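Okay, handing you the structure first.
The first chain written gets the first letter, and so on, giving A, B, C, D and E; residue counts start at 1 in each chain.
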Amino acid sequence: MSDLLEVEALESGYGRIGILHGISLATGGHNVGLFGPNGHGKTTLLRTISGVIRATRGKIRFAGEDVTAWPARRIVELGLLHVPQGSRLFPDLTIRETLRLGAWPRRARPREARNLERAVAIFPRLKERWNQPVKTLSGGERQMVAISVALMGDPKLLILDEPTLGLAPRLKDELCAAIRQVSDEGVRLVVVEQDVEFLLDLADHLYLVNHGEIAAEIRPGESMNHQAIMEMYFGRELGPLT
Amino acid sequence: EDTVKIGILAQVTGSSSADAQESIRGAQMAIDEANAAGGIAGHKFELVVGDVKNGDAGDVTSAAERLLGDDDVHFMLTGYASLTNFEIDMMAEAGMPYMLAATSTQTREIIAPNPDKYWCCWSLTPSFDAYGTDVTVLAENLAKAGKIKLKNHKVAIISSDNAYSKTISEAMKVKFKAAGWTITVDEMVPFGEVNDWRTILTKVRQDPPDVVINADYLPNNSATFLKQFQEQPTDSLVFLQYAPSVPEFIKLTGEGSTGVVYDLLGGVINSPKNPRAIDLSEKFKKLYGVDSGTYGIGLYEMVSIYFDALKKSGGDPTNHEAVAKAIGATDKVAAEGRIQFDPKTHLSVQGDDNVPLLFFQIWKGDRVLIQPDKFSTGEFQLPPWMSK
Amino acid sequence: MKLSGFKRELCGMILGLAVLAILPVFIQDTYLRHLLIMIFVYGMVAASWDLSLGYGGVFNFGHLALFGVGLYTYALLTKQLGVDPWLALAASGGAAVIAAGLMVIPILRLKGIYVVLLSFAFSQLILQVIVSQSDYTGGNQGMVMVPALKLGDHNMMRDKKLAYYYIALTLLSACLLFLRVFVRSALGKSIVALRDNEEYAVSRGVSLGRQRLLTLTGSALFTGIAGGFYGGYFRNTSTDVFGIDLTTLILSMVLLGGRATIYGPLLASLALTLLSEATADIGVWRPIIIGAVIILVLLVYPGGLAGALTAGWRRLSAMRTPRGQGAAINKVAS
Amino acid sequence: MTVLGQILLSALFQGSLYAMMAVGLALVWTTIGVFNFCHGVLMTLGAYLAWQFVDPEALGLPMFVALPLALLVVAAIGFALQALLIRPFIGRGDVVLVAVITTLAASSILKNGTLLVWGPRPKSIPPLAPDTIALGASNVSAHQLAIIAITPVVLGLVWLFLNRTRVGLALRAVAQNEDACQLVGMNVTALYALAFGLAAALAALAGIFFGGFKFMSPDMGTEPLTKALVVVIFGGIANITGPILAAYIIGLFEAVSIYYVGFYWTPALLFAVLIVVLMVRPEGLFARSSRGLA
Amino acid sequence: MPLLTVESASKSFGALRAVDGVSFSVEPGELFGIAGPNGSGKSTLFNLISGIPFGPDSGRILFAGEDLAGRKGHQIARLGLVRTFQRETAFDTLSVFDNALMGATYGGKGPVPEERSAEALAFVGFAPADFDRKAAELSVYDRKRLMLASALALSPRLLLLDEPASGLTKPEIEALIALIRRIAATGATILLIEHVLTVLLALSQRLMVLNEGSLLVLDRPDVVVRDPRVIRAYLGDRRHVA
């Protein structure tokens, strides 16, 4: 079988401002991790892949289809689910209602009950806040809901944009284990994450995104350690920080 | 050969657009006739419309200023523009011959204190005083003639909070009281749409009066009122102000309107005894496919009066003073009766020999003119819901 | 550096007003002068509304009620109490300020659409009060023969509206200066801060209540005066100023002109009035065309006319940095 | 009929009309998050289209064909309106305000378009039920009774749809976060269209109610819209139950007040009560702190 | 005398006791860390202390010996008790300079707000060339710095920082730690909520852990992180304490 996700020379941006300048990557049989400085296009890349914004050039193939020009909802139906960065979700809906909407894709409906069980098993806290509007949840709780919504969509490929943002350490570990488990059940991952440990735990294939390009790559099997990554960070120009 | 412009103010895009359209059609009909006949005193005419929208002060002023600013406009007219008629002042300042109709009480209030200042402005509508007094007279006369019975001399008066209805209903109350009647229900509804009159009708029914009056002139409200009255009628003469004269009123109220009485001042005397009115009504209908109410023929007559005045004053439309003076001296039998103007108020003179107050009764889809006798086309009949 | 920016603006403003001041020499036509007077009046109301709506982010739908309060204050004082028209004009501003102060109370804790709804209810209540006091206010039919403004022995009726033109222009100048100074001050920035993020602003020591009060009363002052002038100019009142039509017109000016610009609404007042006159002869098509133009402009230039102008200006002067006002206006958050 | 009966009948009748208008407004707000000032003119269009289909001078179709046809066409118009007036501005911070002005502008276009197409002369359409029905000592028009009976049924169905179906849930979600909707696979455009179309159809139905007992004029939607606004302010715009309850309460309040206080003071009294209620419960009498359709 | 004393502060949302009888005090000049699982009430505690948007249901909060009960949010800020927010917040349409100016004008003491605003901006590292940029254009870290500058413009005596490091890259976190140290060196007292342990451990002199709205442990950081209750509720038993 070919790659589940394959991105080729992708370019996109907002209005006339180009952000991505020809990015290529592929999942192979692996979980992909993306990292790099803030504001260099990781989120933009994920949004382009999931169809929320249009690619201006390049190609995206998912599950054997050329989805480059597809609207997000059709891509979702193929099993690509994207947990956006810092999502507000649906502020006025309760957790119960939000998860019900998570099972919107037709392919996910038959397994709605199972997926719900899985989500609640991973985040038991959700049950405690079951009928609370999402906007009143703490930052971490909201992140749990966001991930659960994607799980309800019965993903083949799960895209996580900074999933640990604002999560307490223990929860990070639990989340990491849970995502591992999801991955072990056959769901491929694309993860963007600032927490290097977390990224190393989940991804086999790392890309460094810098200025809208792939600046470096650590292929599966190559040595991946904290030190190497830190060097990659510090070795380059760091944008707004200097 | 030049073209003289005649400016008309109308609520083209406002809530009274039906009256506006009719007014414009009436004026246009007169102008087209004159032009077809080769013009008046060597002049051809053209109608220019000023849209006063809903008659807001700003919109009326803007429309009037625009027409006043056009050097070719030498006569202006309206069915009604603002209802407060404040634009009369603008016309006086600009020295523009101006004719208007509708709320003559307001017109009189502006002109009467200083008629000379308003030399240019004349109202086709006569004084509204008779609206306030003559319903009482009608009821008492009908009783005298044995056509209805007055059991208790009680009257229910319902009105709406607008310049027209309020002036009339206030005067009615004074007159009825003076004639020894008791007012059982005295309700004023805020101006605007009323969908449900039941609660007020409930009050009326608790002490059934001899006469029920609704002075709200909005046809919609009036029709709804009539329908809901018919749900459980009292043994009363029903009098509605103005609304039943609107051509579509009968269609909407259907059978239920048979027996209703209304009156008109400055309305078209559609009677064989006034052939001009019949003639004009037919022409209007032929031309536009619909009947004219008060304003179509009313504005036709205003333009005719202007044309006559122009001729009489020597044919110079730019001589506003001469033309306006000639208008003031008008003596002409028109569709509304014999038009003469009262120099003190600049309103047309009211009376059976001038502009009469016309009483109509709707009967099986027809508007029967029951008074004055001079023009009447039929007799008052006992409304179906009343007992002998 | 900041000062020089304001100085430059001030020069521009004075230049613009000077042009307007000599305009009557060339425009002798009464009707055109009348149009300009209306543009000034509507411009004042729209620009003042921009203060609360554009800068303050307060969706105050009772703004025209403040205009109405000014109008009726003027009319009642001059006609019923015989107060001097100029005093009454000043009082109409004061009354609108007081009304705005009252309006703040119910909307203080509210946001967004609730402010729209409640301020609408508030304006309806004022309307009901005026309508129900018909012995003094003339109720629905309004008041006629309201005393006009007077300038000594000068005959205001026979000067082809010259005096009214200059009075309106003077009021407009004062209004513009007031609004621009207001929004450029720290106070003006603080109300923008509240709009951008209320909790954050409070956490920086900005008082929500005081600033809202200042915003609304500030936007009421010249709105009320414009209402008083309207009364003195037309010499009658009508409750139509509380109606949806006028609100729509002025609101279109604010949005079409571009929010949070002050000048934009003024520009739109000019544009809309001229468009309305240019189409005056086509009857029913007029409102259709005006409506379509409003929608089209908003579709093409979300920042309104001011946004369109700045965008055009930027394109002309390429040396300027690409980050400019236009983009910021587009981004104005609710 | 007793005084009480008349007051109740009046309250139910007025309440039904108010509710039918207000619920569409609230629906658009709760789903799309904007205030639709076209709502009044959509009602007008409903009435005029019904006239076009049913009147012997026009197409002369039977009422049971004309009515659904009119609702459908108005729903389609509603769909087109949102695509043009609202959709392009979604996602901008000031969409609430821009939508106010675009819908006001469109309402002026449509109102005058109606004037252009159908002319200013008043029209009327046949009542839903032509006869009168005896209730106690008096006869009540069957059309009005039909309005009283149909309204709760229609509104009940709308309520069930919004609260008991996943699509209803999606309608509530769509305005809150468009990105998130796309990412769970919703067709955002279709949902917007559905919300607006449904609201438009409800307005059209109200128009057909009105046209059956009153003259129609191009301006006929203005007053009901204002009234619906009041109802919505009173009931809270956060869901549709609030406005429905508020509609009947206001109907009752008015009927009682007209009888005991008089018609003249009733509007002022209503607004005074309204302001007091809003001072105490700023988000409406029945509003919960958050948005929802329940 | 402690600068801040919280006496059994509580806040409930319906049945949920978000903050449940928490008491502690903070000495002048102290750097006081707060940790706890997601939804444990940390941000809510900041709300109660700062009065933005609400104060406690019950309990007392004393600042420099003064009871804060009945004071509005902006009044508390003017006393020198200043907070930041969990997500980076800015007045988007105002310039960088004006963002800081708000704090200087409305909360600060001293005659020339413009000067203090410029000072605060310089302190967190903005160059005068940046002063005219719109806040909306800034990157995440710059926005965080700006939020700090606007707080510093009030010359705060007590600074409440809610997760300042969330979403930052490692290098940015290092820079942030240095910045907070410099702020502390000016004599300001700091309360710091953070999930990034390195930050907490590097900075705080005492560390409080909340759990389900109540105080779990309050002690020196190295002691706290070894506490089994903290490990169970918050840290989890993996490598975070390294």
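Following the convention adopted for this analysis, contacts are C-beta pairs under 8 Å (C-beta built on N, C-alpha and C of every residue); 3 or more make two chains touch, one makes a residue touch a chain.
Protein identities per chain, from UniProt: A = ABC transporter ATP-binding protein; C, D = Branched-chain amino acid ABC transporter permease; E = ATP-binding cassette domain-containing protein.
For clarity, every value in this text was computed on a predicted model and none was experimentally measured.
K.L.:
Trace the shortest sequence of touching chains from chain B to chain E and report its length in steps.
P.N.:
Contact-graph shortest path, chain B to chain E, evaluates to 2.
K.L.:
Give me the fewest steps it takes to get from chain C to chain E if each step has to go to a chain it touches.
P.N.:
Contact-graph shortest path, chain C to chain E, evaluates to 1.
K.L.:
Quick one: point me to the chain whose Cα centre is farthest from that of chain D.
P.N.:
E
K.L.:
Using mean CA coordinates as chain centres, what's the chain A-chain C distance in Å?
P.N.:
49
K.L.:
Just give me the whole-number Å value for how far the CA centre of chain A lies from that of chain B.
P.N.:
Centres of chain A and chain B (C-alpha means) sit 75 Å apart.
K.L.:
I'd like the Å distance between the centres of chain B and chain D, where a centre is the mean of that chain's Cα atoms.
P.N.:
From the centre of chain B to the centre of chain D is 36 Å.
K.L.:
Note the residues in chain A that touch 2 or more other chains, in rising order.
P.N.:
Within chain A, no residue contacts more than one other chain.
K.L.:
So which bits of chain E are touching at least two other chains?
P.N.:
none
K.L.:
I need the residues of chain B touching at least two other chains; which ones are they?
P.N.:
Residues 13, 161, 190 of chain B touch two or more partner chains.
K.L.:
What pairs of chains are touching here?
P.N.:
Touching chain pairs, listed by label, come out as A-D, A-E, B-C, B-D, C-D, C-E.
K.L.:
Any idea which chain E residues touch chain C in the complex?
P.N.:
50, 52-53, 72-75, 77-78, 82-85, 89-94, 98-99, 101-103, 105-108, 113, 133-134, 136-137, 150-151, 153-154
K.L.:
Help me check something: in the complex, which residues belonging to chain C touch chain B?
P.N.:
It comes out as residues 29-32, 34-35, 38, 131, 134, 139-142, 144-145, 157-158, 230, 234-238, 240-241, 243, 245-246, 277, 280-281, 283-284, 286-287.
K.L.:
Can you tell me which positions in chain D touch chain C when the two form their complex?
P.N.:
The touching residues are 29, 35, 84-85, 88-89, 92-98, 100-102, 104-106, 108-109, 111-113, 115-116, 222, 226, 229-230, 232-233, 237, 264-265, 267-268, 271-272, 274-275, 278-279, 282-283.
K.L.:
Under the stated contact criterion, what part of chain C meets chain E in this complex?
P.N.:
Its residues touching chain E are 186, 189-190, 192-193, 195-197, 199-209, 260, 323, 328, 331-333.
K.L.:
For chain D, which residues count as touching chain A in their complex?
P.N.:
For this pair, the touching residues of chain D are 166, 169-170, 172-173, 176-177, 179-180, 182-188, 290-292.
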